[in-house]
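The structure appears below as C-alpha cells.
By letter and in written order, the chains are A, B, C and D; residue numbering begins at 1 in each of them.
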Amino acid sequence: MIDALAGVLLIPAAAAALLALLPGYRMTARLNVVATLLTLLTAASLFVVAPTSGSYLLVDDLNKVFIVLTTFVGFTTSVFSASYIGHEMESGRLTPTFARFYHAMYQTLMFAMNLALVANNIGLMWVAIELATLTTVLMVGIYRTHEALEAAWKYFILGSVGIALALFGTILVYMAARPVIGEGVAAMVWTVLITKAARFDPALLNVAFVFLLLGYGTKVGLAPLHAWLPDAHAEGPTPISAVLSGLLLNVALYALLRFKMLLALNPGAIAPGPLMVTMGLISCVFAAFMLYRRRDIKRMFAYSSIEHMGIIVFAFGMGGALANFAGLLHMTMHSLTKSAIFFAVGHIAQVKGTQKIADIGGLTVSNPVLGWGLVLGVVAIAGLPPLGIFTSEFLVISSTFAREPWLAVILVFGILVALGGLFLRLGTIAFGAPRGPTAKADASYVPMFAHLAIVFTAGIYMPPALVAGFQNVAKLLG
Amino acid sequence: MLRGNLSFDVAHLLAGSLVLVSFMQLYQDRLYALLNIFALHALVLAASVAWQAFIQDAPHLYLTATIALVFKAIVIPAALHRIIVRLGIHREIETVVGVGPAMLLGMGLVALSMVVMLRVTADADPLAREDLAFALSVVLLGLLMMVTRRNAVSQVIGFMSLENGLVLAATGAKGMPLVVEISVAFSVLIAFIVIGIFLFRIRERFDTVDVQALDRFRGERQ
Amino acid sequence: MMTVYALAGVAVLLALAPIALAFAASARATDAVYGVALVTTSALCVIAMASLFERPAVVSTAVLPIGLPWLGAHFRIDALAAFFLVVVNLGGVAASLFALGYGRHEELPQRVLPFYPAYLAAMNLVVMADDAFSFLVAWEFMSLTSWALVIAHHRDAGNIRAGYIYLLMAGFGTFAMLLAFGLLAGDNGNYAFDTIRAARPAGGLAALVLILTLIGAGSKAGVVPLHAWLPLAHPAAPSHVSALMSGVMTKVAVYGFVRVVFDLLGAPDWWWSMVVLAVGGVTAVMGVLYALMQHDLKRLLAYHTVENIGIIYIGLGLALAFKAHGMAVAAALALSAALFHVFNHSVFKSLLFFGAGAVLNATGERDMEHLGGLIHRMPQTAFVFLVGCAAISALPPLNGFVSEWLTFQAILLSPQLPSWGLKFLVPAVGALLALSAALAAACFVKAFGVSFLGRARTPQAANAQETDSNSLAAMYFLAALCLVAGVLPGIFIDALAPVTHALVGTSMPHQSGLDWLTVVPIAQSRSSYNGLLVFLFVTLSGSIAAFAIHRLASDRLRRGPAWDCGYPDPSPATQYTASSFAQPIRRVYGTTVFRAREIGEMPPPGSTAPARLTVILHDLIWDAGYAPIAAFIGYAADRLNVLQFLTIRRYLTLVFAALVLLLLVLAIWQ
Amino acid sequence: MIRDLALQGAQMLFVLGLAPLLTGFVRKVKARLLRRRGPPLLQPYRDLARLLRKEVVLADGASWLFRVIPYIVFAGTWVAASLVPTFGSGLLFSWSADLIAIIALLGSARFFLALAGLDVGTAFGGIGSSREVMIASLAEPAMLMIVFTLALIAGSTQLSTMAAYMVSAAVGLRVSLGLALLALIMVAIAENARIPVDNPATHLELTMVHEAMVLEYSGRHLALIDLSSELKLLLYVSVIACLFVPWGIVPPGADAQAIAVGLACYLGKLAAGGVLLAVFETSIAKMRVFRVPAFLGAALMLGLLATLLLFVSGSL
C-alpha cells in the first residue's frame, strides 16, 4: 500500500523519469510545478494522518517540519524556475536538451532530499544525501561556462571528500551500535538506535561524530568546509542557488541533528554542543567579514547563507528549549527568506544582464517592485523586525547571554558585521541613481512575495499549532 | 578457537599491509609507479574483503571484493594510464611537501588514529577495533596524499585509497548492511571524477589537469 | 481600557502605511496621510493626557495574542508611559500639521508617506510595550522606519551614508538592549516586564544591565561618544521627520533608559549615578561645542539635541544619586527636572526644525553661509524661530529656563549626599551644565543672527517667500507652548507628580495653588521662581518705557545708511559669517577639543588673488573611536578575503586540518 | 501689603534713578585720579535726556527686531536690578526670581543685544556680538559657580535669604567666601565691559566689544541701552554689597528711621564700590581680547574651587 510517506518519494521519482523523456520546456516546466505541488500536498497530509514508520522510512515531528519546508520551497522554487528557465531559453543561455535535463534533475533532487529526510536508516540517509549532492553538482555545471564548470568541479571534489568522511562516521556508528543491538539492519535504524544509544561505546561515538560533523558539515557549509558553497551558488542557475541555500543545507543539518541527538543520549560521549557552537561561531563571524569584499551579488548572499547556517548550528549547539526552538525557527525563516532573496536576485540578474554589484544600481527607481522586494528581503535576512528572523535571533541571543555571555557577544558581533556588509551593498544596489539596463522583468513575483509575506507574518504572529510542533521538536532535540 | 585466532591474524595482516601500501604510495614520485602501487593497494583490499567475506561467511561481500579487484585494480589504473599518456605528464609528480616530511606526517596520522581508536573499550570485538584503527589510518593517509600532491591524477588516487579505507572499515564491520551498495556508489563517484578529468581534457578548456590550472578562475578574480 | 484605545489608534496609523503605499502616487495622498495622522495623533494625545491627568494611579494593560507565542504582546500605560505618550503624540500632532503644508513640496512623496505613519506608530508602541520582545520589536521597527525616511532623498550619496551609519548604530544599540533584557529575563526567558519588576534585580547583574542600557538607549538618544550617527541622520530626513527624530525619538530612547533603570531594576548603587552624571556632563558640553562649529542649520540643531540629551541625563543621574541614598524628595525634584526638560526640548526642538524646514523650502539652502536677512522676507517664521532660539537658550521666561533652573536646584541639594565622590562630581557637572547653557545661547545668537538677520548673502535668500499657513500654524502652536510651559510651569510639574511618585516613591510638593502660581521646589525660603510675574514685569516695564518715551520724549525716526564707524561696505560678503562669528569661541575651546587650526594665506603684494583663511577641525571622537573600527573591519575583510581564492587542494587542506584537529581534541579529551 | 508694594515700586524707581549717578560718580573719580576735572556728576542724566530728545537714525538694513531690542534689554535689566535688595531686604516680589533667575534675565538681555549687533549686517556689529558671546560663555558659568558657593553656604538662592544669612553670625570666615568674592569681582568687571576686559569709553574700533555691538544705535534706543548698562553696573555693585558687606540692610517691616539708616549705608557702599572700581580701572591696562578667556577662566576655576573647598573647609 502507498501512504503519504511513499508518496513524497514516488511522485518526484516518477516525475523525474517522465521529465527526462518529455521535450519542450514550457510543458515540462508546468509539469514540474504540478509535480512539486502534488509532493507538497502529500507532505502536508503527513500532519493529518501520520503513517507508521517502518525500518527504512520514518516520520516524526522532527522530519515532518523539514519535509513540509522542503516540499514547500521546492514548489515555490519550481514556480519561479518556470519563468526563469523560460527567460534563459529565450536568451539562449540554455539549450532545450539542457532544459529537459534540468527539470529531470530538479525532480531527482527533490526525491533525494525527501529520501534523506524520511530515511529511517543512517546508511540510506547517507546514500540519499550523496545523490542530492551529485544532482546539484550536475545542475551547477549546467551552463557549461568556464566558471560554472570550475564551480561544479570544486563542489564535486570537496563534496566527495565530505561524503567519504560522512560514510566513515556512519560505519563507526554502526560499529558502536552492533555490540548492543546485534548485527544487521537493526543496528542502522534510527528508531532502534535512539532507544539503545545510552549503552553504545562512547569512544567510538566520539570519533563517529567528528567524522559526521565534518562530512555533513561540508554540506551545511560550515567554515572552514564551506569553500564549495559560494561558487556553487554564484555560478549555477538561480533556482538551484535558492534550493541549495533554502533546502540542501537544511537536509545536511537535519542529518547532523539526528546524530547529535544520538550523542546527547550517551552519558560517556563527548558533548556535541561545544563543537557545534565553535563551528557555528567561526562560520558566522567569518562569513560576516567575507561579505565586505564581494563583487558578485549571488556570491554575497551565499556567504550570508553561511553566516546564518552558523547561527543555526550555534543555536542547536547551545541546546535547551529556547535555543532549539530558536534554531528551528531561524532555519525555517532563513530558508524562506534566502530563497526569496535569490528569486529577487535571479530577476535582477535577468533585468540587468549581470551579477556584478558594481553594475547594478538604483533598483528601487528602475524596477520598484523588484527593488523594494530585495530591500525587504535584506531587511529580513539582516534580522530586523518585524520579520521572523528577528524573533529567532532575539531568542538565541537573549537565552545565550544569560548562560554564556561571551559567546553571545561574539555572535552579536558577527551579526552586526554582517548587517554592515549587507546594507553597505544594498545602499548602492537598491538606491541612488539607476545604473545598467532597465528592462522589464517579465517574471512572476508571486513566489518571492509569498515567502516574504510568510516571514513577515511569522515575525508578528505564529500559529499555536506551529509553535506546539516546534516546541515538541525542541524537546526532542534536548 | 584456532580458527578465530587465525582469522584474526590474517585479517590483521591484510589490514596492516594496506596501511603499508598507503605508505608506499606516499613514497612514490613517479606517476606510473604510483598507479602500480595503487593497483596493489586495491589488490590487498580485495584480498582483505574476500577474507572478511570468508570468515563472516557473508557471500555478498565477495561482490564487493570483485568490484575492488576488477574496477579499482584494473579498470581505473588503466584509464588513468591512458590519461597520463595522453597528457604526457608521466614525468614526475610535483609534491607540496617532500617525501620525507610526508612520511613523517603519515606516521603521526597513524599514531593519532591508533590513540583515538584504542580508546574504544575492548568489549567491541578486537577484530573490529584493529580493523578500524587501520582503516582510519588508511583514510587519513589517503587524505594526506590528496593534499600533498599537486596533480589531479595523484589526487584521484589519493581519494581512491581513502575510499579503500572506507571499504575496509565497512567490510570489517560485521554484518553491516548496504556495504555492496555503498561500494558501488563509490565506484560511480570515482568514475565521475575520472570522466570529469577526461571531459575537461576533451573539451580542451584546461591545458593541463593540474588542479591549479583547473581553478585558474577562482570566484571573483577579475 | 485606555491601552486598548491607544492600541486602536496605533492600529490606524499602521493601517495607514500600506494605504499610503498604494496611493502615494496620487496627488491628494499627501494631505490625506498627514491629515489622518494628525487626527489620530491628536486622539492618542488626548487619550494619554486623560490617563495622565484623570486617573494617574490607574494602570491599564492589554495583551494581544501576537509576538512571542507563549508570552503574547503585553502593553501597559502607567504614568510614565502616559507622560511619554503625550510627548510623542504632541510631537506627532505638530509634525503632521506642519507636514500638511511642508509635505506638499516633497518631490518623492512615495518614499516618505508610507513610512511616516508607521514611524509614529512604532514610537507609540515602544512607550506602551510591557515585555522585552514587544519593546525591542517596536524599538528596532522605529529605527527601521526612520532609516527609510532618512534615505528618502536617496540620490544624495551623503544621505545613503548617513542612513547606513544610522542603521548600524541602531542595530548596535538594539543588541545592547537585547543583551540587557537577556540578563534580566534569564535563560528560561521571563520576558514580561512584570516578572522582571517582581524579581527586582540588583547587584552586579543590575550594574551590567545599567551599563548595557546606557549604551543601548544612549546610542539612540545620541549620548557622546555614541552620537556620531545623529548629526548625520537627523538633517538628512525631511524636516518634519527631522523634528520627530530629534524632538521625539531621542525622548523615546530616554524613556527606554528610565523604564529599565528606574522601573525594572531594583535599588541602585550610588556609583551608577556617577557614570550617568559624567556621561551627561560630557555629552552636554561636547554637543554644544560641536554645534558651534557647524554652519549647516539642521546639523547645528541636531548637535543641540545631543547637548540637551546631556542635560536630561544629568537630571537622571542626579535622580539616581538621590534615589540611591534614599533622598526621595530630592530625587523627585531631579527626575521632574529631567522629565520636564524632555517635554520642553521636544517642543522647542521640533519648533526649530520646522523653522529650518521652512527656510529650506523657501531658499533651498541649509547652509547658513548662504542665508541672511530672512527676517525681512519671512517675518513670521523669523519670529517663531526666535522664540525657539530663546527657549532652547534657557532664557526666562520661556520653558527651557525652568527645567534647567530646576536641574540647578537639584544640583544645589548635592551637598546632602553622603558619598564623597558625588559631593565633588556634582558641582563639576553643574559647571559643565552652566557652561553648556552659556554656549548654547552663543550658538543660537549665531544661528538666528546669521540666517535671519543681517543682509541676504545669496539671491535665494533675497527672494525667499514666507512659508504656508499650515506650517506657520504648527510653529505658532509650539511657540505658544514654549511660553505657556515657561510662564505656568507649576501645572506641568504637578502633571509629573504621579510619574515621579511611581519611580522614586514620592513627588515634588504640589505647585499649583501657591499664590501667584510660583514654583517652589523645596521651600519658599530656599528658592522659588515665578515665570508669570517675571513675564509680567518684563512686558510691563518694557511697554511702560516704550509708552513713556514715545509720549514724553521724541518718537521721530529717519532711515539712513548704516554708520559702521564710517566704513559701510555695500557687499553683503563683509558681514560676519557663521564661522567668523564662532571664531573667538573656536580659538578658546576648539584648539583643544577639535585641534582646530587656522591657515591664513596672504597673496604677495600686487597679486590680485584673494586672501584665504582655511580652518581645519578634527572630530577626535570619530578619529579615535569609529575610524579604527572601520579600519579594522576593512583589514580583516581583506585578510580573510584570501580564502575566496584558494586552490581546491588548499581547501582540502583546510578540511584535512580540521579533521586532524578534532581527532587531536578527541585524543587529549578525558 | 500696600506698604510692601510701595516699597517695591520705590525700589524700582530708586535704582532707575540712581544708576546714572553711579556711572557719573565713577567717571568723576577716574578723571580726578587722572588729574582731570572730568564731567560733572550729573552728566549721564544730561546725556540720556539729550539722546531721548534726539530723533533715531535707523540703518537701512535694520529689521523690526532691531527697534524692539532696546526695550527688551532695558526691561530685562531693570527687572533684574529691581529684584536685588539694595538698602532693604525682603522686597515684595523678591521671591519671584532668585539669583539664578536674575543672572538668566541679564543673560537674555545680552542675548538680544548680541542679536542687535548682527541685525544691520555690518562688520563691527559682528565683531562686537561674537566677542560678547565669547566672553559671556565664560562669565556666566563662572557667575553660576559663585552662586553655587554662596547658595551652598546660605542654603538658598534667594538674595534676601542669603543676605539675611550673611549678616548672621553663622557664616564665619571661610576661604570659599574669599575666592567667591574675588571671582565675583572679576565677573562683574567683565559683565560691565570695564577695563581690563573692555573699555566703555573707547571707540578705537578693534578693541571695543560692547560699544561695537551697539554701534548702529542712536537716539532713544541708545539712551535705553546706556541706561540699562548703567543699571547693570548698579546691579552688580549692589549684589556684591548685599552678599559680602550685608551690614545695614533693613529687614522687612522696619520703621522709617531704620530705612534712612539703611539707605545711607547703601549709598556708602555704592560710593566705596565706585571708588574701588575707578582706582582699579586707572591702575590697570586693557588686555588683548584673547587674554580675556584666561582671565575669566581663572574666575571660573576660582568659583569651582570655592565650591569644592566648601566640603573640606568649614562644616555645612
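Everything that follows uses one rule, which is that a residue touches a chain if its C-beta (ideal position, glycine included) is under 8 Å from a C-beta of that chain, and two chains touch if they have at least 3 such contacts.
For clarity, every value in this text was computed on a predicted model and none was experimentally measured.
Visitor: Highest contact-pair count belongs to which two chains?
Guide: C-D
Visitor: Express in whole angstrom the distance between the two chain centres, defined as the mean CA positions of chain A and chain C.
Guide: 44
Visitor: Could you tell me the distance, in whole angstrom, between the mean C-alpha positions of chain A and chain D?
Guide: Measuring from centre to centre gives 78 Å for this pair.
Visitor: So how far apart, in whole Å, are chain B and chain C when each is placed at the average of its C-alpha atoms?
Guide: Measuring from centre to centre gives 69 Å for this pair.
Visitor: Averaged over CA atoms, how far is the centre of chain B from the centre of chain D? Could you give it in whole Å?
Guide: 99
Visitor: Touching at least two other chains at once: which residues of chain A meet that condition?
Guide: 153-154, 157, 161, 206-207, 230 - these are the residues of chain A that touch more than one other chain.
Visitor: Scan chain D for residues touching two or more other chains and write them down.
Guide: In chain D, nothing touches at least two other chains.
Visitor: Got the chain B residues that touch at least 2 other chains?
Guide: Counting only residues that touch two or more other chains, chain B contributes 116, 119, 143, 146, 155, 214-215, 218-220.
Visitor: Give the pairs of chains that touch; include all such pairs.
Guide: Touching chain pairs, listed by label, are A-B, A-C, B-C, C-D.
Visitor: Within their complex, state which residues of chain B touch chain A.
Guide: 116-117, 119-121, 123-125, 128, 132, 135-136, 139, 143, 146, 155, 159, 162-163, 165-166, 169-170, 173-178, 181-182, 185-186, 189, 192-193, 196, 200, 205, 214-215, 217-220, 222
Visitor: Which residues of chain C touch chain D once you look at their complex with the stated criterion?
Guide: Interface residues on the chain C side: 372-373, 375-376, 379, 382, 386, 390, 393-396, 401, 405, 408-409, 411-412, 415, 420, 423-424, 427-428, 430-431, 434-435, 437-439, 441-442, 444-446, 448-450, 453-455, 516, 518, 524-530, 533-534, 537-543, 545-546, 549, 553-565, 568-569, 572, 574-576, 580-585, 587-588.
Visitor: Spell out the part of chain B that touches chain C in their complex, as residue ranges.
Guide: 96, 109, 112-113, 115-116, 119, 140, 143-144, 146-147, 149-150, 155, 211-212, 214-215, 218-221
Visitor: Tell me, which parts of chain A touch chain B in their complex?
Guide: 121, 123-124, 126-127, 130, 134, 146-147, 149-150, 153-154, 156-157, 160-161, 163-164, 167-168, 171-172, 174-176, 178-179, 183-185, 187-188, 201, 203-204, 206-207, 230-231, 234, 294-296, 299
Visitor: Can you list the residues on chain C that touch chain B in the complex?
Guide: 644-649, 652-653, 655-656, 659-660, 663-664, 666-667, 670
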